[in-house]
Amino acid sequence: MRTINIGLIGAGYIGHSMALAYRAVGALFPDLPPVRLAMLADANEATAAKAAQRYGFAASTGDWRRLVTDKGVDVVAIATPNHLHCEMAVAALEAGKHVHCEKPLALDMDEARKMADAARRAGTRTIVGYNYLHNPMIRLAREIVARGEIGRLVHFRGFHEEDYMSDPALPFSWRCEREFAGAGALADLGSHIVSFADALAGPIAELSADIATVVPERPVAGGGRRKVENEDQGQFIARFASGATGAISASRVATGRKMGLAFELVGTEGAIAFDQERLNELRVYRAKEAAGARGFATILAGPEHPGYAAFCPAPGHQIGFTDLKTLEVAHFLSAICNGRAAEPDFATALRYEAVIDAALRSAESRRWVRVGG
Amino acid sequence: MRTINIGLIGAGYIGHSMALAYRAVGALFPDLPPVRLAMLADANEATAAKAAQRYGFAASTGDWRRLVTDKGVDVVAIATPNHLHCEMAVAALEAGKHVHCEKPLALDMDEARKMADAARRAGTRTIVGYNYLHNPMIRLAREIVARGEIGRLVHFRGFHEEDYMSDPALPFSWRCEREFAGAGALADLGSHIVSFADALAGPIAELSADIATVVPERPVAGGGRRKVENEDQGQFIARFASGATGAISASRVATGRKMGLAFELVGTEGAIAFDQERLNELRVYRAKEAAGARGFATILAGPEHPGYAAFCPAPGHQIGFTDLKTLEVAHFLSAICNGRAAEPDFATALRYEAVIDAALRSAESRRWVRVGG
Amino acid sequence: MRTINIGLIGAGYIGHSMALAYRAVGALFPDLPPVRLAMLADANEATAAKAAQRYGFAASTGDWRRLVTDKGVDVVAIATPNHLHCEMAVAALEAGKHVHCEKPLALDMDEARKMADAARRAGTRTIVGYNYLHNPMIRLAREIVARGEIGRLVHFRGFHEEDYMSDPALPFSWRCEREFAGAGALADLGSHIVSFADALAGPIAELSADIATVVPERPVAGGGRRKVENEDQGQFIARFASGATGAISASRVATGRKMGLAFELVGTEGAIAFDQERLNELRVYRAKEAAGARGFATILAGPEHPGYAAFCPAPGHQIGFTDLKTLEVAHFLSAICNGRAAEPDFATALRYEAVIDAALRSAESRRWVRVGG
Amino acid sequence: MRTINIGLIGAGYIGHSMALAYRAVGALFPDLPPVRLAMLADANEATAAKAAQRYGFAASTGDWRRLVTDKGVDVVAIATPNHLHCEMAVAALEAGKHVHCEKPLALDMDEARKMADAARRAGTRTIVGYNYLHNPMIRLAREIVARGEIGRLVHFRGFHEEDYMSDPALPFSWRCEREFAGAGALADLGSHIVSFADALAGPIAELSADIATVVPERPVAGGGRRKVENEDQGQFIARFASGATGAISASRVATGRKMGLAFELVGTEGAIAFDQERLNELRVYRAKEAAGARGFATILAGPEHPGYAAFCPAPGHQIGFTDLKTLEVAHFLSAICNGRAAEPDFATALRYEAVIDAALRSAESRRWVRVGG
């Protein structure tokens, strides 16, 4: 198998997570093509050099354009703030690279469509960093649904709630600015729960939404306060294309919630429940079991679930956040190697974006709106 | 203290529950006025006589009108199907009785307003059977909110989901008919979670709703199928009068859920979570606790919480469903005795009805609607 | 069916609980013989009279001997401190009464044997107040074991831990005195978990125990401190007659535990877990389920479980502590009515006492001892 | 900082885990000295070569003696079956290496003492692979205890139960042989819970134990059955040097348990509970909190807990099994770098071995025995 050469743009929180994953994947998945950490770019050249040494990249640069056109790079991994995704991804695709872009795909639908178009034209593989989808327990959930074990789907109730901006004393940041972050909680967190909804219950067709900026102003370094430009929380009721109903919330001010990415999926013959704060557990109810013995079974992740065995041959030993990113990378490498679409690629992530976009439009118009309409 | 004489109409499931509560309350709350089980009415005279003997009522009748005008009756407890509440309650109020009416208050807003008007005119005490509000843990939650311990309220997410009609083979019943039940899941279950929302976060001002009849037809005894006339599930997003946002669902086809009456209430300085399937627990998060030591605390019901000590002097021993009804009755007797409004009285329950009514209107118009508008 | 006349001795905490249960049972179990609350005795005649009125007993007395020989009494219910059980129970049995005695059976093995002998001679029905055994979830657990669903039993790990004496500032009480309480945590709490062990896994054959008095002295009203005469906690490892192993603990100083009566029962083909702090749940694991789908199922109590339906026709609505006592009384009345042994009768409870006795002997000798040896 | 050169012996399950950890540590902990993967040894030379390539070791060998004496190796990591630990570790120590040995330390006390002696003579750093001790939540638990937040320690109840040999059809393996594994469940699993007990509550002074081989014979490849030579489960009651009591169990046939390494630690003013199946949670009870608000708080691992931030800057995102091994390696490298004893070093692990040895002796003699006696 040919070695796959990785170029990573961005040395922040997500860059760290991606770098760890690309570093680790080879030892964990020896059947995948070998990976070479070719180049790391960061706006700050010294930061890039330091990060390259830390993670073991062969080269570094302060100019991301050099990276995306470098012949020694096969995959461009984009771990920059949201407003940079579009330009970088399109450039990389036009240079014929496979692209691994952190979520959310883009600032708005215009950008997202541009990216999906570029991906289609390039014909290379793309993936967007919805790493929670690669959890063995989520894959198990999808298999259970696909096998019809919970019957016809009736309802999806889900949320992604954290409290990282709950404290009103927290300073204004790029996350509060439309120009750099796009939407607020809906884009940052809501897109994750939308990715679950889409993967488990299919596309969302229409919705009615509401948003709120709970902390309207935040302190600025150096004194004074600045208006927060996007929503702290959002929620919507929805209809899936299948006719199933949904209720979805996102919040970055949900005091007490640290990683509250949770759902309950109801079918006519069973139900599935999940909470990312216990990501190694899936709770499954099957109505067919004998009366008096029925109940939600708590299934613990183990080597029989897709992806887990790479980390540990024994069940119940738990995988973690960084392992999910490694599973995402393994899935992407496999897609590249086999010439199959990765999941979620830009086209699929565009669907998620369209839901967030519809939610924002609905919140503004205070009407039901069609997704993509 | 003067003895309070109880007349009970209805010998079904809810009549059973009310009869047990009125039987038990005297021994559990010796400081309340003594209770005498005066008369039990049921449309079927023989059923009434048998039930009277079972529960220890002094008399029985097949004619509820005789009961509501009987001079030996102080309190009329109404445990009949929804479509009978209005006529019976108004008659009882006009006869000067205190009225204990099972929830939901009425079939529709017209009836509910008539009942609230009659109550105001009568000047007697009324209460509607939202027994879950009398749970010591819910009272504790209200105290925590009232003391400002979780700060300004930001969001209420709640649902009441059961699966008692999940199986499509279950026969058509009066619960499926508008004439006898009014609305479906929203009236039967949604009103409970609305009562929690109102009690904890104040009145709901406006909402956008969706409803669905998941099992559109059900088998009829003797063959054939009949169209289900009301919703199997409903959900809405809402704004409270306070400005806080809300997301509320109800379902009678939530496979796997037996008594899923649950909420999470978020404030700027903390949060409260509750699930009726573990009704003796309240989970509370306080942001002020030291970093590294913060987390949701699971508080177990004990004698330090209002009402619990009547059942057991030791904490953690658990109260049950029938005890909640007894707490409701104790609260009502205390209100009668002290001349104070019980909670929720007809006026308050009218607010809950208005929310359900608004949800149905919104689902039909597919617009945001004002509650009571 | 002939009415069964109840005489109750003791108007304290347990007397309250028993009175509530005998009051409630008729309305809940209409197929059982009717109950009449005939007489209530308490050492303090005024207390007896007041309690009789509160609970609806027809008569009261300050002299328990009058009650146990009264011809109008069929059942003598003993709710007095431990040191009085033997004398009262033997007198009642000699007077031909059925006897309902609060747990633990007696102060020591001598007394317990005397009581079991008297019961055998009398030929009437006896029961000891291990009310937690009558939980529908415990009955379900026993059925699961009896049907062989978890295979051959391998291990029982259980404890009953509370913290009611955890605070060293709590005053000395009769519970600390050998003369009135007998043993400490092992008798008061350990006997409950032993009753579970015996009911689920059969008799315990031998054990090795350790005990500790964590708070050696406690304050006395009026000043000074007094030596605590029995154990605050005890634990033992055990062999069941079946060969299965066990590990059992009891503590009244288990800070944080309010009603920690919990066990995990392991078989070759499954396991059962239970915690009284969530008494409406039973967790069951079946090894035979498909790989990748196995997990502990949380079964919620419902009308399909023995006894639950009397309280509520809908599942998941929860029964409580007082309901367990009512189920105990219903079971006893049924035994009386059908002439079958109740469970646990004096003979069975003698086995529990023998385990506690063996634990105390083992802790003293620091050797393995045979139960009953 | 000088680069630390790693030599790893063993390419099985634990070798995999160690290799991943040494590979990952540099990128996660940039402040530690850089690590170079110098050499990998395995009895099978081809296996060694393949594994070296997979994990990125510079060299490989089929002769572990070559590795332990290689001048280019600073740390010898031993990931071989138990019976090989002693010879390899002593050889490495005599060659002046730091030694990272997988748990349990050795087959028996003779070997364990030899190893601890060799470590003392060598004066290099040692660590034994009790990776669960390096969980941020366990470190938090230790801090809580050390700060006196739960008062004087009263009781430790813990177990490590898995079901990896629960199925009687599972074939005989080296784990069933005394010659290669030493003891059974007590050595393999019991040593983990003993490490927790020791770290949290101090040394165990004496104990009374019982063991059982639940599946006495297992099938052998090629037909027939072979006698299992060590215990499937063991349990003991104990006294800590501090006077606190303990109850500890281990089982490899605990049907349903996958990673049941759990404890409850009780103090006079609070309690701590933990279960490795939810390794990112610590449950803490503080008796001092206000009556009516007290309860076990579930603390989620986050960047404020020692070690977590290397993996993720956001709380609640979960670390996993492989991360715990990386934390162990980071701790060891730090100890090497700073010249401080790592934890648990051979001397400390010898204490754990002494407890297991005492348990085996007690089970045989059926007496209380002193640890180390």
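For this structure, a couple of remarks:
We just call them A, B, C and D in the order they show up, numbering each chain from 1.
The definition used in the following text is that a contact is a pair of C-beta atoms (placed from the backbone, for glycine too) under 8 Å apart; a residue touches a chain by one contact, two chains touch by 3 or more.
Quick caveat: nothing in here was measured; it's all calculated off a predicted structure.
Chains making contact with chain A as well as with chain B: C, D. Looking at the partners of chain B and chain D together, the chains they share are A, C. Ranking A-C and C-D by contacting C-beta pairs places C-D first. Seen from the C-alpha centroid of chain B, the farthest chain centroid is that of D. Comparing each option in B-D, C-D or B-C with A-B by residue number, the pair that reproduces over half of the contacts is C-D. Distance from the chain A centre to the chain D centre is 35 Å, each centre being the mean of its Cα atoms.
Note: centroid distance chain A to chain C, computed from Cα atoms, is 53 Å.
Here the CA centre of chain C is 41 Å from the CA centre of chain D. Looking at chain B, residues 257, 294, 296, 300, 302 sit in touch with two or more other chains.
Contact topology of the protein chains: fully connected, every pair of chains touching. Per the touch definition, chain C reaches chain A in the complex via residues 140, 284, 289, 291-300, 302, 304-305.
On the side of chain D, the complex with chain A involves touching residues 13, 17, 19-20, 23-24, 26-28, 30, 54-56, 162, 164, 257-260, 276-280, 300, 302, 311-323. Residues of chain A touching chain B in their complex: 150-151, 154-155, 157, 159, 161, 163, 166-168, 208-210, 212, 214, 233, 235-237, 239, 243, 245, 247, 249, 251, 253-257, 266-271, 285, 287, 296, 366-368.
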